[in-house]
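Per-chain numbering from 1; labels A, B, C, D and E assigned in written order.
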Amino acid sequence: MGNLRPMGLERWWVLVFLAPTLVGLFVGAFGSIFASVGISFTDWDLLTPPTPAGFSNYAGLPDDRLFMRSLVNTLAFAGLYVPLTVAISLFVAIGLNRSIPGLSFFRVAFFLPTVSSPTAVGLLWTWIYAQDNGVLNNMITAMGGDPVRWLSRDVALYSVVIVNVWGAIGGGMIIFLAGLQAIPKDYYEVAALDGATAWQRLWFITLPALAPSMFFQMVLTTINAFQAFDYIYILTRTGNGNSTMPTLVFSIYRNGFRFFRMGDAAAQAVVLSAMIMVLTVIYFRLQKKWGGQP
Amino acid sequence: ETEISFALWGSPQEAAVWASIAEAFEAAHPDITVNIEVSDWDGYWEKLRVQVAGGTPPDVFAMDAPLYPDWQLRNVLLDLQPYIDADPSVLDGVFPVTLEAYQTDTGLFGVPRDFQTIVLYYNKDMFDAAGVDYPDDSWTWDDFRTAAAALTLDKDGDGTTDQWGAWAEVYDMEPFWGPVIWSHGGEVVDPASGQTLINSPEAMAGFEFIQQVWLEDQSMPTEEQLSQYGWDGLLSGIAAMGFSGHWSVPEYAEAGLNFDVAPVPMGPAGRVTGVNSAGFVISSDTEAPDAAWEFVKYAISEEGQSQLANIGLAVPILEDVAQSDAYLEQPVQINHALFVEALEYAHMKPVFRGYEEWSGAVGDSLNLAWTGEESLADALDEAVALGDDALARNN
Amino acid sequence: MADVSITALDKTYGTFDVLHGVSFDVADGEFIALVGPSGCGKSTLLRMIAGLEDITGGSIAIGGRVMNDVAPKERDIAMVFQNYALYPHMTVAQNMGFSLRLHGAPKAKIAERVAKAADVLGLIDYLDRMPGQLSGGQRQRVAMGRAIVRQPQVFLFDEPLSNLDAALRVQMRAEIRNLHDRLGSTSIFVTHDQIEAMTMADRIAVLRDGCLEQVGRPLDIYDYPANAFVAGFIGSPAMNIVPAHAAEHHVTFGSDVRVPVNNSYTGPVQWGIRPEHFELVPAETPDAIAAVAQRVESTGSDEFVMTAVGDVRFDAQLANRPGVKQGDQIWLRPDPAKSHLFDVQSGVRLT
Amino acid sequence: MKRDTAADMLAFALLLFGALCMIGPFIWMIATSLKPVAEQYDGRLIPITPTSENYPRLFEIIPMHLLLWNSFKIAAIATFGQLLTCSMAGFIFAVVRFPFRNVIFVILLVTLMVPGQVTAIPQFVIFKFLGLYGTQAPLYLPAFLGGAFGTFLMRQYFLTIPIELAEAARIDGASLARIFFTIYLPLAKPALAAFAIFAFMFSWNDLFNALIYLPSNLEKTTLTVGLALFQTQYSGQWPLMMAASLISVAPIIIVFFLAQRHFISGISMSGLK
Amino acid sequence: MADVSITALDKTYGTFDVLHGVSFDVADGEFIALVGPSGCGKSTLLRMIAGLEDITGGSIAIGGRVMNDVAPKERDIAMVFQNYALYPHMTVAQNMGFSLRLHGAPKAKIAERVAKAADVLGLIDYLDRMPGQLSGGQRQRVAMGRAIVRQPQVFLFDEPLSNLDAALRVQMRAEIRNLHDRLGSTSIFVTHDQIEAMTMADRIAVLRDGCLEQVGRPLDIYDYPANAFVAGFIGSPAMNIVPAHAAEHHVTFGSDVRVPVNNSYTGPVQWGIRPEHFELVPAETPDAIAAVAQRVESTGSDEFVMTAVGDVRFDAQLANRPGVKQGDQIWLRPDPAKSHLFDVQSGVRLT
């Protein structure tokens, strides 16, 4: 990490440069973090003044069947989504960092799903997964198989992961592409002389040098996994805004903004944030071990 | 010069009608301006919640009766009783059942704007093609089942159904399973005692009937199948019958369907349908309560209701208007009177605190039965358990 | 067998010609020093031998096999990069052991070889550091270490000692040469240090502007430079080269300075004499040139005197610090046996 | 260095397969948007009677051009704001040491973890207080207050730029601002291009805030709100919906296309020895 | 006024002490060379003077003003980095002109100064190149150019000539010294090149392991090194330092070798003699040491002979290449006036 120590006038520049962020932090985000923690110790319906609730909102969580279900769903989802997204987008980026014909086409192709708003493409996926005349089932029945109920309780997890990964590869790809650009060619030259195979170059040079991007991408993907909403909602929603595969944000959203139980919602949000933070710390460690810059 | 804001859910077309109502209102009240805000259903509530929590709700906004208690109990609605006490004639001629939902121990915090009774819609062309007689007021649920089976077709013979006898929304009780349970003598919920009642033997009988049509006969598309076709099976031309309120009329007409309506079939306990109403509420934070009330008053007046009747989305709450040409002689020619007549055997859609959460819990659980993932009994047990949880949480 | 054979090698970057038809052979086990002015193409040539740079024309063979299209990793070459190119995310030990690890060497063996190299290079205390925490000279030594643990067929060194202090350089010089002899590998060593080139190499190749000027044994090049460029380039301080007229075993230049030379060529020439081949003599000694000391630098052991005879500038290096002062009038006698004559036009040596 | 052609070909084949998976749904989307409504459920990829009528119809039903323009304006301003403020903060976090640096950075990261709805209400109150409710300002002003995602992204990239360049510039007499604008920004072009796309996309696809802050009349609101209204209304009409979706995606694709050549920096980081 | 005054300077990286209480003053207009083994803290010291590195303890003042908390850009300093640190996205000309541009100099003036520097540095043809397209030496010259166009109060050079060939170095040496004299600026110059230090600097500061060992004029340091370390470090090839016993104007070592010295100290000592202070004499000359040539290297002008007397190794540098062969038995006479004696324990010079 850079350790340039500002002196004299430079100190003012540090302030100027950070000012927007600090204002944003204090005015918006920062307040709401503390607010969330605070609210989690109260009962509050948003409209009438909150009443203190101690730890009861947290204590109630294990008994909340819907919460526990969404917790399990979320963990299962994240466990599949994070590694798949990071790995695939990394490989795509490495592939697209070469000089191959049709590069622009490929970049656009892989990025398309990312730019498209879930509301626009999510519907398309309901069609792909549809039970009758769905694209997938049509293919399966054409080959003589039995149609699969892609969005039923048991299969929905995988179907939803696929769509989310599909939608996230492009984003990861451009982060990695940018990161790949910053790796000096020298390292590859030395490695080539040292006798490294392409895989070894990838493993020993590219990945470690990509550590900052990787760290970023891991943290971000994890956060996204724990907050995934749009596609899941569109694909698995049930009549009243619920889902056959509710996740944690679902639960938070419904408790807080549908049912005005801000205390419960905040407690769940705190639990969610804590889980993400634990994972972030683990990534930090892993990365340090790998020798990169956090 | 006072400005009031009025928010509602609906389509841009609906907003246009409201704009013309507002215009007429403004003509009569030159010192008041009405700003109309329309959003789609989800967006409407989302926006409203932020506005209300942020302390700046619209002055007047639309309300769905079942959700009304939740909002009312949060002290964000203005008590209209004093205005009504000042001018009791305002509510003259309003169908009493529609008012019921808004009446509370502490006052009247909303007034109905229109109401919706559920009737049976059917596609005449499909009936004609299949040679099945149109439904009439003699129909029992068994007749319905037979007809539905006859109307379920695999037209191109590829082994998959491409026309179903009927479709219904499975999730919310309003259009289908509520009337079925009631007409089998069951009850749905008792908010006062915090009990969900759908696992009584009577209610079970109703659900079993649904399961027969749905899963055994496969005369109705699953939810997944519906989602693929844009939910409304009648509209998309894949189902011959459907249960809905008046709100479907303009859509079906625009889609060029050749359709009409019939009463919901009779069950062992007679004919029961559901009725629900949308209403107006005024924010307790409004700076212009009088102007807001003036507008509401105008909207439920004969003038306002007549204009509203004309869009054909709902049934007016004033008996006079409901009997008038404004309602009965709409451009789309079907049996409009049926919607009013249905009031006689209509059961009010339950209105209680926590309705939204309860209905979600129950709907999700029941859905497992309709997809075949769980047995009906198990699904009902889960529905009752989760439903009671939700009721408990809200009381 | 790892002789390196370079034939008519051309290299172009865009429109810029870097190498023009360079040809020379390096015998198996030979140690060649590659010297030449900055930017003449030395690094480029090394990189081409390593396979890191495309070959515009000509060919490179190692051990008799043409390598133009062979991947670097197939060439069994180790290279020390001029800019070190250490892996920033690996410790010193990992940097040095990396290639052995790639080749699947057992851990113990890697550790042993790394330790040995680190010992030679004075890096024992730094094995767990990251490159970012090293001084310039330490980094250069790591780069060196990375090459020597490999024990490849061919070593390529690109100014590997330029950031080291004198004592360390002397020591490293001996170590590298020992290593080379022990492994019997072939080495090509780019340096700008005369002493390095002269003392370490079996042969020196002098490059100028992408052309090979001379290849030969160090003393041959020093004593018989093929042309004025090589004469001027090899030896430090550089040879004095003066336009003159040769006739009958002497040359004349300036207004009428006349010095004896061991060469009977007649005609206009460039006369060359190295600074160390002047002797400081008493006034009026026969064949001595009278000059004025314009600037005197002392290197400790020697005195380096910049003088002028009329318009002509001479440098002289005088052993034992005789104590010349700026402005002194001195007499310098060039050694006739050490004079060189070069063609005026082509610069080619005249014998 | 010599290219490894076999590896290139393998990469090409894999990428081609991947790319087809990625764009498959879009091909379906385009095909559907070219079908007449009558064919929407026929399960064919190629329309029997292709028609482009859905597009003009779309523009008749909703004022697409206004919605597009509103969305574009907001997204462009927001993107600029994000690029500026996030890269400034990212630069400071990556390069400068100052008290509480890590603490502030971690807090910033934590904000990423807070679900967006949590901040919505305080934010609403502030904008209401500022009298900006009902204007487009709440949709782009926050972009000028940095953001965890962009700051984090830019910081990670700036970390890869050798610190010696900043040091050399400091000695050359450059202020921190100069170092940022003349050294770090130009070198971070690939990351900036990537971030620009993200920022544009976030703004472009933002439904929640547009819904809350903008009046719902179709002249003033954004494409997302317009499409949401439209979708509930025309839910059974796939060709029309697909046409609408395509139009909503097109501008970002164009932005992406323009930005993607900047992914390649053209400068090898070889200022260092 | 730009005298640099360094007082009790300490520097620690984590737990690693790099500098320990370094103090010395550089007078306004003075040219100081900073030398020392690789890793001894030279670059660190320069970076601290430039304001790039925190000061752990002590202070740095320039022109009488304590600079510990002054931003680099306020110090009016130019620095050549050991690793160049060229801006990769700017052309050579832009790199060189950058600081003038920052100071708002008019374009014409920038162009003129850049052109002039480029001329001196032989970079005229490369002004439009990017750093990535330059050779190592060219990059180093650009780094140099970036500093010299500045004409600041204080120059800091970190091994600025290490990648240049001999001819260019000699030329650059003179140019830098000229520039320094012309601008009257103060210069601190890190080098590992003895000749550079000896010939360019007004004074030399010798650093070892973060401690200042000696500061003094070049010849003073060469002739009177304060201790054995300085003696061994300054001068190349390095001084021979042999454990011996001194008594009555001579020292004895090995089995019973005895040589005269101009020093009357008595007791165990380290005897030092530079390789160039041996004379090759005929067999049996009085006071000569009989030795066997174990390895002979020729540097062109001189011959460098590594010999051994019993267990004791000596290096001798003999002028005019007398033609010693490996294995020859030779007689070397040390110059008694050039002998040095150092304390056995502390290494301090004994007079």
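What we mean here is this: a residue touches a chain if its C-beta (ideal position, glycine included) is under 8 Å from a C-beta of that chain, and two chains touch if they have at least 3 such contacts.
The model shown is predicted, which means the values in this text are computed figures rather than measured ones.
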Check: Going only between touching chains, how few steps reach chain D from chain B?
Finding: 1
Notebook entry, point to check: Can you name the chain that lies farthest from chain E, using the mean of each chain's Cα atoms as its centre?
Noted result: B
Note to self: Per the definition of touch at the top, where is the C-beta contact count highest among chain pairs?
What the structure shows: A-D
Item checked: Approximate Å spacing (C-alpha centroids) for the pair chain B, chain C -> 94
Item checked: CA centroid of chain C to CA centroid of chain E, Å -> 21
Notebook entry, point to check: If you average the CA atoms of chain A and of chain B, how many Å lie between those two points?
Noted result: 38
Note to self: Counting only residues that touch at least two other chains, what does the list for chain D look like?
What the structure shows: 1, 4, 41, 121, 167, 170, 175, 207, 228, 231, 238, 268-270, 272-273
Next item on the list: Quick one: which residues in chain C touch 2 or more of the other chains?
Entry: 51-52, 71-72, 82-83
Notebook entry, point to check: Where does chain A touch two or more other chains at once, residue-wise?
Noted result: 4-6, 9-10, 46, 127, 133, 184, 186, 189, 192, 209, 257
Notebook entry, point to check: Where on chain B is chain D touching in the complex?
Noted result: 11-12, 35, 37-43, 46-47, 50-51, 53-56, 229-232, 235-236, 255
Margin query: Considering only the defined contacts, which chain A positions touch chain B in the complex?
Written below: 45-48, 65-66, 126-127, 130-134, 149, 151-153, 238-242, 244, 254, 257-261
Note to self: Could you list, by residue number, the parts of chain E that touch chain D in their complex?
What the structure shows: 47, 50-52, 71-73, 77-79, 81-89, 98-99, 102-103, 130-132, 136, 139, 146, 150
Notebook entry, point to check: Tell me, which parts of chain D touch chain B in their complex?
Noted result: 41, 62, 120-121, 124-125, 128, 133, 207-208, 211-212, 215-216, 218, 225, 228-229, 231-233, 235-238
Note to self: With touch defined as at the start, can you tell me which chain E residues reach chain A in the complex?
What the structure shows: 51-52, 54, 69-72, 74
